[in-house]
Amino acid sequence: MPTINVQMFEGRTLEQKRAFVKAITEAACTTLGSSPESVDVIITDVKKDNWATGGVLWTDKK
Amino acid sequence: MPTINVQMFEGRTLEQKRAFVKAITEAACTTLGSSPESVDVIITDVKKDNWATGGVLWTDKK
Amino acid sequence: MPTINVQMFEGRTLEQKRAFVKAITEAACTTLGSSPESVDVIITDVKKDNWATGGVLWTDKK
Amino acid sequence: MPTINVQMFEGRTLEQKRAFVKAITEAACTTLGSSPESVDVIITDVKKDNWATGGVLWTDKK
Amino acid sequence: MPTINVQMFEGRTLEQKRAFVKAITEAACTTLGSSPESVDVIITDVKKDNWATGGVLWTDKK
Amino acid sequence: MPTINVQMFEGRTLEQKRAFVKAITEAACTTLGSSPESVDVIITDVKKDNWATGGVLWTDKK
């Protein structure tokens, strides 16, 4: 606890994910007082075919 | 807001998803008064190996 | 299938939710070919204290 | 109802998933009094690149 | 890992939840080979006003 | 995008949540290159009656 689920577009590199989970975890520890080992971050890579805003899939936006 | 997460079996075409997110978004705007740009729809394609009803995976149902 | 999870701000009336789940379900049936009984819609009411966009809680936006 | 979403590391065999969903469903029926057909279990396979504990991706743990 | 999210109707007693999370965790350990301490179960209590099947809220079903 | 869902124990103050969503959003912008306005953070407050680790509800742990 906390458990943090992140949905983002696919295409981030491993290096970006590595930096992201480290920064998110530090943010949780600093502001909530969590211990690092209690923080789980789970990333879901979402294709632009599978995410719409305003009723339009991102794969169709220009 | 709203953010709408949809889990469905994989296999829908892009054309079906396009129609689906458009229809869902219109439904939200009409009934909740949301503005279209505030509606996110995120689809998760689920394999029949990964979904069970009644304790049986759909890949095993006949 | 599909299972549709909706996160929205709290405060919608029962009448709005009733219309919303009916419209969403019809949208899924029409565009995906689902049977109505296979469509679940689960609403989560989110407080403005618990949703942030751009790093600011909605309770703090003016 | 209930709807049970399970996030686990990828790599489980179909046989393991088959046994798992059967056991989970029986556990829900026995302890909650649910009927089997009302229990949905949806598995999400997560890559070790996409799950961090303590700020470190599992792909980087030794 | 695994992390198990359960959505169920509100109204279960603490005793039922206690038995449920114990049984679910044992099921995961037996079938997946997880260690007990690696299994998280998070319950979400859903009101009948907030869950629809077939386009009808459960609060409206007879 | 990204959309960040956080499950944590209830009891955090509004001030803690305010600092948390700000820090999480900055972490996402810095490491992923997201624009702040594209980052949603949604918090779910979980009761200790509703979260188990190792098969034991946190309300029962000492």
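Going by the order they are written in, the chains are A, B, C, D, E and F; count residues from 1 in each one.
In this section, contacts are C-beta pairs under 8 Å (C-beta built on N, C-alpha and C of every residue); 3 or more make two chains touch, one makes a residue touch a chain.
These are the chains along with the protein names UniProt gives them: A, B, C, D, E, F = Tautomerase.
Here the structure is a predicted model, which means the values were calculated and not measured.
The set of chains in contact with subunit A (Tautomerase) as well as subunit D (Tautomerase) comprises B, E. Of the two interfaces, B-C and B-D, the higher number of touching C-beta pairs belongs to B-C.
The contact pattern of A-D recurs in C-F, the pair among C-F, A-F or D-E where over half of the contact pairs coincide by residue number. For the pair subunit B (Tautomerase) and subunit F (Tautomerase), the distance between mean C-alpha positions equals 25 Å. In this assembly, the C-alpha centroid of subunit B (Tautomerase) lies 21 Å from the C-alpha centroid of subunit E (Tautomerase).
Residue positions 3, 7, 24, 26, 40, 42, 44, 46, 51 of subunit B (Tautomerase) are each in touch with at least two other chains.
Viewed as a network of touching protein chains, the structure does not reduce to a path, ring, star or complete graph. Of all the residues in subunit C (Tautomerase), the ones that touch subunit F (Tautomerase) in their complex are 7, 44, 46, 49-57, 59-60.
On the subunit B (Tautomerase) side of its complex with subunit C (Tautomerase), the touching residues are 1-9, 12, 16, 19-20, 23-24, 26-28, 30-32, 46, 51. Taken together, the subunit F (Tautomerase) residues at the contact with subunit B (Tautomerase) in this complex read 3, 40, 42. Residues 14, 17-18, 21-22, 24-26, 36-37, 39-45 of subunit D (Tautomerase) are the ones that touch subunit B (Tautomerase) when the two sit in their complex.
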